[in-house]
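So, here's a batch of structures to check.
Two complexes come next, and they have one chain in common, subunit A, joined by subunit B in the first and subunit C in the second.
For the complex of A and B:
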């Protein structure tokens, strides 16, 4: 088994799980369907292609910088008649950074790794107008579990964000990982893609386990506060 | 696989303006690098680019997006054969489009009822969704419809004719559909994946929206009522924007198909489309509140890259917001000049990356070393020529 880690960072991202019609919402973290879509597009799969192997990958994501949700109000005018079309609301995550990872057998992971380095369809972060701002591919990890990779990856938040938390030498980061049988606490999200066929998109429910991992903050204040214990002077034990 | 990807990077300063506003009338914004930025949505700039195509390309190379496909096609059918009555042409058109796209074309009930009430004849059938038909697709379908005029239903039932109709709808996409895609919600087999990707433009620096309080005097005011005729506020901001777009040249080539005219090279449609895209994207400006603010500017710097593996956005250069210093433009140019080689070195500079630069004035001097410096017309034709020379990817 191998794990492919991906860095999802950009001014805007949008990861819809229950977005329908004129109200296009976003979740707080990348969805499995969104990331599988990114990988399938990188491989150049058509929308109607079989996804079973990709949907079968174990998926997890770590919130390195949560970002802010912004709302975009979108009007459209008919290009030829000039008539107004229904207005829509689009939500984006602005200024967010995530580490996403998929775990699966070596051949498939290597193939996906090559694909993200030279993608067939141009990559985007959930919505076409959201190109990634940094390199998406951050490497393949052999003989490690998804959980390990998410715990070991360095903190990928922006410099300003790391500085803003300089008082914390380690920061707790939330992870959302595919639930395994026996997980007692998990939520479910309808974001497991069965088909991206535009005529009949289908998603199944996916169990998600929420955890936190602690990662070091490289911008933490160097010198630890002096070892100062005023009660020592008072003697006693 | 050989691959050709074009990316475009633009620095453009706009004075007080409100190019793209939200439902409260305020200029759109986003947060990046922890601070608020001016934002112009990708959708707004794509529309401006498409509008610019009108003056850059022959209308025959563009598409029409409409529900009234039957009427549109019927016009062409009657041009081909003037003996066909309007109603018959509508039926021919509806049948042909229905076969070609799989979408229902029928008279909307509401319209039919309204016409009946007024004692008028049945109106033209429409599609349920906006359909995007290129001029070339329209011509092809019209020719087919005229050919099967005698008994259109039986004609289209024929397997070969059915296939021909589908093929016409599925190929020979005109330039703007090939670039920006098409939506036919229920004819998935003729959906076109857009070859261009346009990011939301954001300012390289922090921005707060400002509010302009105005009063307007009534010219016919009397002394008895000397107040203002009306008062109001307009929100605005000023920004130096980073604009980014990427173009999958290989997908564009596939969407457009090869040129069919004997007197020009097969790459001619591709070259013309790429040139129109570069020029249209660089020169266009969404027209929001343009007459109020007169913010007609052109970009101060343009960088165009032709790559072989994946597009790269340089927005990361501005994650840390630019401070005023010697002006946002100069600082932003410096950032790009440092950032671009750094990113390309870190991730392995690809062989065969071509870079062209257009820049104005002393503030953008630092960008001059990044590539071949040209004026816009020369840059556009240099990009077009380079694209036409690139090999098509192996199938």
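For the complex of A and C:
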């Protein structure tokens, strides 16, 4: 088994799991369907293609920089008829950074790694208007579990964000990982893609386990200079 | 020899004037000795250093051959209703120093070297500005000064290179101030780079260390540089 890690960072991201109709919401972290869609697009699969192998990958994501949720009020006119289209509300995560990872057998992961390096359809962060700001691929890890990779990755947040938490030498980051059968506490999200067919998209429920990992902060303040009192030697306080 | 500690009342304008100009502080320090005359460099002299431990905890340390009277400093920059400074006899401690002792030390210094940029140019005194070069400056002088900065155990090092010693450089500052306060004399601006070293040392040559502690290390001794003090290893 090996793990492919992806860096999802950009000015805007949008990861909808329960978004329907004119109100397009976003979750606080990338969804499995969104990332699987990104990988399938990189491989050049069509919308109607079979997804069973990708949906079978274990998925996990780490919130390196939570970002801010912003709301967009969008109007549109039909191109041909000039009729007003329904007004829609679109939510985005601004300035967020995530590390996502998928775990699966070596050949599939290698194939996905090649696809991400030379994608057929360009990757985007949940919505076509949200391009990634940095290189998405951050490497394949052999013989490591998904949890281990998420815990070992360096903190990928922006420099200003790391400096804003300089008082903390290690930072707790939230992770959302596919639940395993033994997990007692988990949430379920309708987020496991069965088909991206535009005529009939189908998703199944997915169990999610929430956890935190501690990573070192490279911008943490250096330790303060020690106290120095030379009068102690001479009988002072 | 005497070691004196005086706490400055940082909200007073007098204290601010002294802290903003090493020239003014030097004048105030020298005014506390009625008898001191300018002397040659190898005899004990008056050394001073300002330790800014916190915004409202600023100490002036002085090492001097004679006992100082800081009444004028208390009146301008201290707490006049509770006049307080402590002078300790430094000689017994200095004579107790023995080879192999380990101490924590603090030193504020002016690390400089003489360089030329081109072959046909006279050398010019130039400040070391990076922590690495400033550390290098101290390590170069440690042997002649009678001590050795202790090394870190390999498992405590946080960098593959440049973190070999139990030594930190902090409070690095470049300061500029006027040498004369009066306009009529023509202002002369002094610029100075200082750095404070904190670390642990081992005494290798008690006699040389005694000389370092009483005559100072490096340049700009009139401007609060060169005074090294020792404290128990905590």
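Here, the second predicted complex is superposed on the first by the 219 of 237 C-alpha atoms of A that agree within 3 Å, B and C clash if a C-alpha of one lies under 4 Å from a C-alpha of the other, contacts with A are read in each partner's own complex, and residues count from 1 in each chain.
Everything below uses one rule, namely that contacts are C-beta pairs under 8 Å (C-beta built on N, C-alpha and C of every residue); 3 or more make two chains touch, one makes a residue touch a chain.
Predicted model only: the values in this text are computed from it and were never measured.
A simple residue count on subunit A separates subunit B from subunit C, and the partner touching more is B.
Within the superposed three-chain model, A:232 lies in touch with subunit C and out of touch with subunit B [touch as defined at top].
Of the two partner chains placed around the shared chain by superposition, neither subunit B nor subunit C is touched by A:52. Subunit A has no residue lying at the interface with subunit B in one structure and with subunit C in the other.
By the touch rule above, subunit C contacts subunit A in their complex via residues 3, 5, 51, 53, 61, 86, 88-90, 93, 104, 106, 168, 170-171, 196, 198, 229-232, 234.
For subunit A in complex with subunit B, the touching residues are 10-12, 47-48, 67-68, 70-74, 76, 78-81, 85, 87, 92, 94-95, 117-119, 121-124, 128-135, 158-161, 164, 197-199. Touching subunit C in their complex are the following residues of subunit A: 222-223, 225-236. Within the complex, the subunit B residues that touch subunit A are 1, 3, 5, 22-23, 28-34, 37, 41-43, 47, 50, 64-66, 130, 186, 188, 191, 193-194, 197-200, 202, 244, 246, 248, 251, 309-311, 313, 315-316, 319-320, 347.
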